[in-house]
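You will see two complexes here that share chain A, one where it goes with chain B and one where it goes with chain C.
On to the complex of A and B.
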């Protein structure tokens, strides 16, 4: 919950029979969400302006004949709201049946993207008959976009426009937009070109918000058939200094993908092309796997740790013996963690009594 | 940054100078875009028509290295138009009278000659900045990588001080740090002038504190910078051994040939890295370090937020954490105090010796909620600096004059080269270059040349040219684009096949010894 400003009015409403407090300006959905009502949504992303398109979040408000979309309706003083009953469930089930019946694939691998399970989870939660509205299907898959990061399979698109909205509202890039209406609705770039030829920066935000896997993380999905569970480890991106929080996706001993952390304080769910996709250097065959020692002929040979460490130490000792304390210098990294930088400066200060230490910030 | 990242959504006036934020700090830039969508105005001073410039209400394509002139003239306009914050100046600053009288001489017309932008635009920039409530400053290496880098930063401080834009939401002076833990490297004392926590090496009490902690007499005066150290390599009474942790010095530092010669002249070079980089190839011994996704540790971001890195997979091969490798060498040299058994122990020792981290420890930073300084365990951190007072009492105005770059264009080297980064690649590409798919977006380096220049120099788009400076020459492919202004070309230093830093290194800031990587006169000729 956002910090409450001093002048905000606190109001009371009745939510499923309980009196609850809320701040003037909050939507019914926000209040219900805070009270764990698990109101279903598909077009909703808390970071975006409410859109009111999917109608799944409808609730009953006493005094209003038809159910209202809770994501776009502001809560008001004294309002009496029901988020669950048979009528609402039936309504939601029918809506989901319509969505499911025009989708080719309602089972999506979780590696597809951060929100990719949303539709599938709702189909499990409600007693949906997917074939009920069989017939015309929307779509027009665009899988021929050869970019290596974002799979665009619009056969699975439900026109929630979250991708379009996140690109505009969160990224300010406006790379994709909506063309046509109804079954012919199509998410497309300006002039219908590939993403590379649009203003797309491949930040991956559209993939992260897609609730159906219509937009899929092409790099992560490569590991779909790798055996094992997907594990998520919270960490921080290691490129620029913004410090975006991420979840590292792993299967076994391999990093298979990156997802943005929606609650990351620096990025609040945003990432860039590097943070989102430039991770597989970790397992690149060029990685050094053993210490190397230079031989007389100038080439390197692999060595055991003990021998290499001993030689490294002896080399430093020899220079100190011959040239004194002011002949050795340490260069720390702006890329390695604190423990590396701290140890580097201590190596010099505790080892030599000098301040002959620097890092790469001067270049 | 003086202010937290979230404040970037709240300025009334945004002033970006020397920062290509949409490419170098894309996620931070999204916050500026949101502020603009909410009605904030933006001024961008940058020689190139970068994406940020296209979003700006006012773009000042100043000549490379002319920032001080622009900032003096903006201060002149603010003072002349009575847009100073008198209350703030009286309550919080010192030496304002001298400064306000100093800027009287520097009119927009005077600056216009140096910056090569219209005086009316400079006037407008001054007015907008002075009227903004609040006005926020954002900068990156386009400000610091000059022989006058310190002057540039102090000129920006003068602007913020005279308008009272410090210690308030949506204001501040905000350098965007370029590397994930470059802030942390400084916090940890990996600099020649400060112990951990910015305790000055020249301060006898600090030297005594660390002498006691480390059990050795540490001299109470700053060491030499890396730039000086590289100059002294192999020389009598110079540097004969270097330990490099995770830096591709040869590619990322200026004057590549000089740098390579320096490292080759050492008796002993030890490099710790993930890859056999161009720098590691010169070493006597190379140690394989664990990297991203394999290492538990801590890093600090540009808003001073102290965050945990967590290992998600086992170390590749026999690689080990940097701290372990360094500690093992130190132990074998007989240096005491390196009996660390975990990253946690190392970090907690740092916290115990650093006043800005004193309230932190490994367990407290689990949820990333602290921004330093965190002076004690009851402190909730400091998202915004300078709210009530400056660390040293009053904010001091500095008297700054304009200086030309170390090298200026002449008949022999008639074109300005400026360098930087691109969105899709990072530094020397040791990581982005080894990640699949990145090449699809950016597969080679090109030299950005203005269409008028291309015509005048008879160059075709896609043609390879020779580019020479006073230090060396390289070959590079031309890309004709309006993004570079007439008379100025741009390239990044990311690709090993186009080692732009062979050319750079004409001068260094006298205080920080930061290289003037943003300005390098060159000659471009057909192959």
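On to the complex of A and C.
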């Protein structure tokens, strides 16, 4: 919970029979979430303005005839709320059966994206009868959008509009929106163009928030059939100084994808196109694995580390003797790990006694 | 005018998007990609958002022939009376269908550009004014239609001849609080269907902090089988204007908007003429009727074809140029309405009633109703009935009196099988429930509601499952697509009414009930909550017809 400002009013409400405290301005959902009520949602992303579309989060409030969407309803002093009972469970199950009925595929690989398992998990959590409410499927797949990053398989879209909202509210790109209405709604760019012809920056935020895998990480999903479990390793993006937290996805000894860390203090789930997708160099066949020494004719020859280091040290020393400490300017690579970047600045600062050190992706 | 001139004309005015789009749509016959790009830039609306919003509205064309191509009403009444045949005959002119366009008492309407033609066949289409309400068959004291049949009623002198704007003059001589008290005492309530007490709404806006406040008249009469607001605006436009000025005085509002449905193009001209007259007579404008500081400016915003824009949150979003999804409530428009400022959103009939009440008093109005009911309601009656039309009834009038004594009963040799309520939103009433009286408590106790007052009569020739299917198709077509229960539910109910989805009766009933109950309980607005009343009432009154339908699907 965030720190409470001094002037915030603390109120009390009854949540499933227990008196609980909350800060004025909080929604019922936020209070329920804090008390681990596990109220189901599909259109909710805590970073976005509450939208109230999926209606799974409805709760009963004493004195109000119909259940209310807890994500859009503010808690008020003395409110008596029930987050779970047979009626609510029945509504949620029916809603989930309805959602399942419009999709062609409710099981997607976890590599599709950060939130891609949300619908699948809810379908397992509630006693959903497969095949109920059979009928027309919604969505119109746009898998021929030839960008290298984002697969747009709207056959699996449930029109929660999280992608549209994250693009507008978090990124400010407004690249996509909702076309048509009713069952024919469709996520689209302007005039239905491909993403690369729109104002999309390929930050991948839409993929990360998609609860069904309708938007899929094209690069990560390549490793779908690679054997092994997906392992997540928390790290910090190497590319710039913001320090976005990321989870590096690996299968075996291979990096297969990157996901933004929703709890990253600097980025809160945001990433840019580089942090999200630019990791191919790690396993690229052109990557140098041995030091090379430039010969007199300009060509390179492979060498052992001892020789290469000796050669480099001689070169650096020569420059310092001839031109002084400030004649050297180090630029660390954006593709180097943080430890290497640290060593580099230590070498320049402590070794040379100069502050002429920078990183290539500071621009 | 060039794109740039159009944008420059509107960009500093309130609610510029729809007027700009209409100006270009009128000029070019469609909205080209280039035009959308220019508007996006000029009004600073992200391109994808603007493009998506344009696609939301039924009547904006994105290719030629667009606006000029005929649009034929295939609404629930018209499709029983030749609408589909006319559409077929006009296919060579690129005719397209449109949902109920509010001419169910004078069919079939065909929109050509900005003119409504009507006729029973494509060959007999003619352009003519919409019908006046017939003289009250019950000889009751009327409120709304009291003077509507007087000659030249739509002109300012015609309106003033029977005391028009007299109520406003006396209201302005007193305090806004006194006016609010008067309206509250009259027990006038929202006649668009929600029935919220008008005086309470006006007081809430008067008390709410924030300026400028607005009066928005909801004239987006989109409910199939409802055409009462059309009659009021076409024949008695000043009654509406007086009601809006009264509301402005009561609440301290400076801005007024009439959100008029696209399908009433002639009425835009009639209203604009009346507004111009009122401006000249200092009934609108600054220092109205000499009252220092009482300023109120009124404009018409033309809709573009979306039933959901009759929902007040969608209407406000539409005016603001946003995607017309309903808004989450609370907050309500009385505190966070147009541009998040305090706003009265009232139906045409409500505002026109207020004009009469300001003249004749609260007690007079209350006593117009029968028994304990206060006031009157205009019912739009259509379908299989001798004399369709608008009837002003006292609340509490038996439905049978309206159907048989006032409107001449069923067609020759026919019997009435069922009626719809609230246009389509209230589902059907049939059997013994046709003995209801026309007031909310009675109709609600029968599982329906009176709503905006549209009643469509279906006689014994009609296939009730088909009628229900037509009704549900309308809701599916008009569902905005925001909340899951309505977006998926209206679609699934339509399918089940169409081919039965290969279900046995028990399973069919089980699915219908589950979808219906989740829609009623969890939908985000009235559309999704009301739509399942169609299937619910079908199951209640016509289970045999459903069994028959399931054993012999289309």
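Operating definition for what follows: the second predicted complex is superposed on the first by the 289 of 363 C-alpha atoms of A that agree within 3 Å, B and C clash if a C-alpha of one lies under 4 Å from a C-alpha of the other, contacts with A are read in each partner's own complex, and residues count from 1 in each chain.
By our rule, a residue touches a chain if its C-beta (ideal position, glycine included) is under 8 Å from a C-beta of that chain, and two chains touch if they have at least 3 such contacts.
All values reported here derive from a predicted model rather than from experimental measurement.
Undergrad: So in the superposed three-chain picture, is A:319 touching just chain B, just chain C, both, or none of them (first/second/both/neither)?
TA: In the superposed model, A:319 contacts chain B only, not chain C.
Undergrad: Using the touch definition from the top, say if A:234 reaches chain B (first), chain C (second), both or neither.
TA: first
Undergrad: Between chain B and chain C, which makes contact with more of the residues in chain A?
TA: Chain A has more residues touched by B than by the other partner.
Undergrad: Would you check which partner chain A:99 touches, where first means chain B only, second means chain C only, and both and neither mean what they say?
TA: The second partner, chain C, only.
Undergrad: Look at A:67 in the shared chain and tell me whether it touches chain B only, chain C only, both, or neither; answer first, second, both or neither.
TA: A:67 contacts chain C only, not chain B.
Undergrad: Looking at A:32, would you say it contacts chain B, chain C, both, or neither? Reply first, second, both or neither.
TA: A:32 sits against neither chain B nor chain C.
Undergrad: Quick check for you: in the superposed arrangement, does A:188 touch first (chain B), second (chain C), both or neither?
TA: After superposition on chain A, A:188 lies in contact with chain C alone.
Undergrad: Which partner chains sit in contact with A:133 here, chain B, chain C, both or neither? Use first/second/both/neither.
TA: In the superposed model, A:133 contacts chain C only, not chain B.
Undergrad: Where does A:54 make contact in the superposed view: on chain B (first), on chain C (second), on both, or on neither?
TA: Second partner only.
Undergrad: Across the two complexes, what residues of chain A are contacted by chain B and by chain C?
TA: Residues common to the chain A contacts of chain C and of chain B do not exist here, since the sets are disjoint.
Undergrad: What residues on chain C touch chain A, complex-wise?
TA: Contact set of chain C toward chain A: 33, 36, 46-53, 55-56, 306, 308, 323, 328, 330, 476-485, 487-492, 495, 501, 511, 514-515, 517-518, 520-524, 529.
Undergrad: Where on chain A does chain B make contact in their complex?
TA: Answer in residue numbers: 146-149, 169-172, 196, 201-203, 218-219, 231, 233-245, 248, 250, 253-255, 264-267, 270-275, 277-284, 286-294, 300, 305, 308-320, 322-323, 326-351, 353-363.
Undergrad: Spell out the part of chain A that touches chain C in their complex, as residue ranges.
TA: 42, 50-56, 58, 66-67, 69, 72-74, 90-91, 94-95, 97-99, 101-102, 132-136, 138, 158-159, 161, 168, 174-185, 188-191, 198-199
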